[in-house]
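Once you scroll down, you'll see the structures, which are given as structure tokens.
What follows is a pair of complexes built around chain A, which joins chain B in one and chain C in the other.
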Partner chain A sequence: MTLYILKRLAIGIVTIWFIATATFIAMHLVPGNPLANEKATTEVIRANLERRYGLDKPVTEQYIIYMGNMLRGDFGIAFSEENRSVNDIIREHFPVSATLGVLALLFATLGGVLWGALTAIYRNRWPDYVIMFFVILGISVPSFVFAALSQWLILNLNQVTGSSILPVAGWGNFRYMLVPALVLGMSTMAYLTRMMRSSMLEVSNTDYIRTARAKGLSTTRIFIFHQLRNAILPVITVLGPAIAIITTGGFVVESVFAIPGLGRYFVQAVAQLDYTVIMGTTVFFGAFLVLMVILVDILYSFIDPRIRLQAEQ
Partner chain B sequence: MNKAFAPALADFAPAPARQKMDTISRPSLSYWQDAWQRLKINKRALVSLYLVLGLLIFTLLGPILWNYDPALQDLDSISQAPSFSTTALFVDDPGIWEGVLLQESSTLPPVTGQSAVLGATRLNIEGTATTQYVRLSWEPVEGGAYYLVYRNDHQPESAEDLGLPLGQTLTARELSFEDRLQLQPQTYYYTIIASGGLREASDFATEAVELERAITVSQALERNLPATPGTRVELSAHPFGTDYLGRDLLARTMMGAQVSLFIGIAAPFIFVLLGVIYGGVSGYFGGKIDLLMMRFAEFVIALPFLLFMILFRIGFGIGPGESGIFPMLVALVLLSWPNVARIVRGQVLQLREEAFVQAARLLGANPAYLIFRHMIPNTMGLILVTLTFAIPMAIFTEAFLSFIGMGVAPPTPSWGSMSNEGIRSMLSTPHELLFPAFFISVTVLAFNLLGDGLRDALDSRMRSRE
Partner chain C sequence: MTSVNQYALEVNNLAVEFTTYGGTVKAVRDVSFKLRKGTTLAIVGESGCGKSVTVQSLMGLIPMPPGKITSGSALLDGEEILGLKTERLNQYRGKRLGMIFQDAMSALNPTMTIGNQIAETLIVHRAMDKKTAWVEVLELLALTQISEPARRARQYPFEFSGGMLQRVMIAMSLACKPDVLIADEPTTALDVTIQAQILNLLRNLQEKQGLSIILITHDLGVVARMAHDVAVMYAGQIVETGSVDDIFYRSSHPYTVGLKEAMPSNKTVEQELRVIAGSPPDLFAPPEGCGFYARCMYAMKVCEKNSPPIFGNHHGARCWLHHANAPAHILQQSLKDPTN
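Showing the complex of A and B:
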């Protein structure tokens, strides 16, 4: 077990290092320059600015300095905003993205398990057809369309009822989070529903369910303690990738709903070619995702020992 | 004893020949024929197959049939709703309208008191009502100090439902109003209300006015149209409407389909091929090579996909607001092959141990024969299914990246970038978002359902339990 965790962590660290290096190289291949704006009017000012941000040093030295700083958890200073460190930006904007993401993940898993179980129970009857229709819709319609559509719906709803229970955009208390989180979790929910459905149907054909039924256990008991528990297992495996999808999906939802999250900030930083912010957020996002996937995998190996054995072989 | 049994030759007749007793009554089907039959039974898969074919025709033949420049801007027809035939009337340049003024000599109806203001009497339309201008005039109203003009797109039901307040006259002598505010060729309901100064009249007169699309002579000359006032001309129809620059949305949707489907189909083809080769080699040779190759594949899988798509774009030196179809393709290929490689490797590892492969090897088959005769045909179904599922993924990625402005940038249309442009005016002109979004959804849906059908038809082991 320890070996398994160590191995996963080692791959994870290499991945994060590679992400950081690739980001660094990509940044330096860009023909544009973050200082190529109205700030650097004369050569002297330009040289001074370059010295300040360490851009006058050779690339290898910059790389070493950057890596060293990153190991200490320091991502540098933002170019676009005077005297604002990238750490500050992440500290300010990441909690917003994380709150949204956690809520979306919650919706997606709860919804996915619930709908998936329902479709399996009512297999080939109308609840199954209705839910599966929406699942197909959820898989096929891009999230920005859902976002736009939900905004339009909220607007009309607010007009009809004459109230503003659900705000159209912005960030604040739970009322602001509800719809964006639903939109963000939508496609993941659809995938999980599909997965849960086939996994439930698979489990219902197993011997131990037949045995339980033969023992005379009640349907509810079999459903909750035998079927559901086993069927949920494969759903947990995709939670890692689901976190990645939801985090990056936040780029769209955050821009459509004008939510001050890190995803929206990242998109803006790319548009402004803000070196340090792009590098900082990429490495941060990358590290976060890699760690999440590892965490989910380790969690899964605790829940289902068969996976652990497979990995150690 | 009975009569002795003495058979004669005549007692024997040749039995009816039961021909082909040993042949199978059904024709034997090859794997692909069998798969095709199974696919044909699956209605959903068949419908989605037709949808895919239809989309391809739309993309490839559409621009030939609908020969319209997708980049042509027409600022006179911005954000038009879908329409099939549009004729426009040539009218003289509107010039300045003096309006209808009550003569100084004639007496105004007396202002009798605020409570007794009557609603405006019937409205007159001066000249022809066109999208260039609508000129209204009305009879003076007893007690009116000035008049308010409203416009609505439906028959007002109450005094609160008069629609857009267009303006008001300055004095009671002005008995006309010229409306030139964003006129569309539709029916408007104009309402004039007389105001006694403090209070508006409680009743109102509404007149429905149907507008005809019109082009002034000077506008026509700019567009090189032969213009004679009073004649009509057939304008280019826009079945999908136009966008915020007056570009034809149908032409743009077709052009966007070319970009979206090119990335959506070319990228999966390349990375599936790459994955098949990588996975095939890894699985066939096994051992140390396999271990090393799979470690590398696992590592690539661990890279956060969308972040790297954006990084690739930056690495290629494509600034914000520039189009990057090629880098997007390369990035998709470089980041997506490992999943295919893993699937193919697993299949090849399994096949290696199969009896028929062992037998072929025992008979002295060389590796090339084994790979091309046994391994690849047996993984073909799996590869096809993977490819079908990879296409919607790639289309989604393109749309997503273009939507956040990291993919295809204006003026090149793609469904994602068109949605990005359309979402800004979603509330007033929803068709600009709806058409590209609809096409993305239908394409992804069709490929997903086709993938499901193919999986059921080609590989019984992976069959979805539905």
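Showing the complex of A and C:
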């Protein structure tokens, strides 16, 4: 198992290197540079700044210096904010994104498993139809529509009740997190519900469920000990992509709800062509996702003995 | 109810239908049989004739809908078990009525150790705690001749061979010392040597524990080895029942004769294997008369429109040839009248 994890980590590092290189190249292909917007600068100041940030050096040398720094865990200094290191930005704003993301993921998986199991139990009866209607809605409506809609609802709610039950935007205690997390997890939850439903139905038709019934086990016991665990397996396999969707979806949701997360920084940085922030956040998000996919694999192997034992060999 | 029953299981006039988009499949029609205590009853017949549906409806295992038990009764040592609610039925199945299936690999939960799968039955039906159940599990595995039970019990189904898994299934179904064991083609998926081992195991267990066994197979060789009594099924009906000798030496139904002739072991290498020409009738619209009419070399006028009753008692055959008015020469040449 350890060997397996090490192997996965090694592949992950190569992936991250690839992401970093590709971003570096793409970034330099875009015309202009971070200092191009600063109108007030004279040629001399610009030359000084370029020297300070190393932009006067050939691109290949910049690349080597950057990779070297990155290996030491140093993402450099932001262009847009004087004297603020990218590491500081990540350290300060990633926890916000992570909190939002974890809440959204929790909501999406718990909701997906629960609703999916319910639709399977009530197959072709009205709870199934109602839930599946909302699932289609959740999959097809983009999250910024949900975001705007929910803000409008909160506004009306606060107006009708005459008190501010939920904040419309911003960041703070759990009351601030609730709605953005719901919005962010919505499409993933819908997707997982659909997946859980078909997986539950598939499992309930298997021979081993028939065996469990032949053994005289109660319906509840069969559901908990035989159906659920096997039905959740396919859901876990898509948890990696789900985390990716929630992470990138966070960029939009953070912008709409004015949440000071790393995603919003990333969007800003792209607009300003802030080289170091773009590189830093991209590599960081990339590394984060690679790590998550590995963690999901490990989680999967704990639930499915076939994978675990294969990996041990 | 007094337990002086001669029969471990008595099934009367069972009928099962499936409602599908294409129409209603009459999968089992008027099936009756009796399983004597401590003996093996073999149910034989071609693929699709309704063997599995018959036994699964006894266990409450057919999916409803589309399935429906339209009539019949099944007495387990005198107690009715057909049409019970799940909670009531669960007091019988797994406890007094065990079942093993053809494909043991798919019939076991892939994500649960086999030890836990066996222990579960003990915990549910015999109110054992986990520790006591585990001791019993190891004994059961040893009983079904699985070596190193302590290590094996902690393994998952995919770590076993097909034959080993079938032993596990047997151990699991015997955990609560059932009166009746239903084995639905337990050896069909296995090679000949393993098949022989499993059959021997079942026979030994029967002798040791006085088990009554229903054995489903389409292999007459297995029937000859294992069965005391036989029920031959065709197109959802039982066409002949009797002792194993009745069926083999005094066959009374043309279909049974055909089955016997199609048996490879009866033939020398040069002789061509005789298979029964034609295919079974469409169960969406079973024929009005005898189900075997289209394939029967003795078919008479009466057979087309009139469904034959069962002639005979302990040895019975569903065929008009045993009617008093039927031409006697056929019986003398090829078929025997049912004895009594």
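Remarks
Heads up, the rule we're going with is that the second predicted complex is superposed on the first by the 296 of 313 C-alpha atoms of A that agree within 3 Å, B and C clash if a C-alpha of one lies under 4 Å from a C-alpha of the other, contacts with A are read in each partner's own complex, and residues count from 1 in each chain.
The rule is short, and it goes like this: a contact is a pair of C-beta atoms (placed from the backbone, for glycine too) under 8 Å apart; a residue touches a chain by one contact, two chains touch by 3 or more.
All values derive from a computational prediction rather than experimental measurement.
After superposition onto chain A, the partners chain B and chain C occupy separate space and fit alongside each other. Comparing chain C and chain B on the residues of chain A they touch gives the larger count to B.
Using the contact criterion defined above for the overlaid structures, shared-chain residue A:139 touches chain B, although it does not reach chain C. When the shared chain is aligned, chain B comes close enough to touch A:282, but chain C does not. Note on the composite model: angle chain B-chain A-chain C, taken at the C-alpha centres, equals 90°, rounded to the nearest 10. By the touch criterion defined above, A:45 reaches neither chain B nor chain C.
Using the contact criterion defined above for the overlaid structures, shared-chain residue A:304 touches chain C, although it does not reach chain B. Residue contacts after overlaying the shared chain place A:106 against neither chain B nor chain C.
When the shared chain is aligned, chain C comes close enough to touch A:216, but chain B does not.
Of the two partner chains, neither chain B nor chain C is touched by A:59. Smallest inter-chain Cα distance, chain B versus chain C, after superposition on the shared chain: 13 Å. Per the touch definition, chain C reaches chain A in the complex via residues 59-61, 86-87, 89-95, 98-99, 101, 103, 106-113, 120-121, 124-125, 156, 158-159, 169, 172-173. Put simply, chain A touches chain C in their complex at residues 206-208, 210-219, 221, 225-226, 229-230, 233, 303-306, 309. By the touch criterion stated above, chain B contacts chain A in their complex at residues 295, 298-299, 302-308, 310-312, 314-317, 319-321, 392, 396, 399-400, 403-406, 416, 419-420, 423, 426-427, 430, 433, 437, 440-442, 444-445, 448-449, 464-466. On the side of chain A, the complex with chain B involves touching residues 11-12, 14-15, 18-19, 22-23, 25-27, 29-32, 136-137, 139-145, 148, 151-152, 155, 198, 201-202, 244, 248, 251-252, 255-256, 267, 270-273, 278, 282, 285-286, 289-290, 293.
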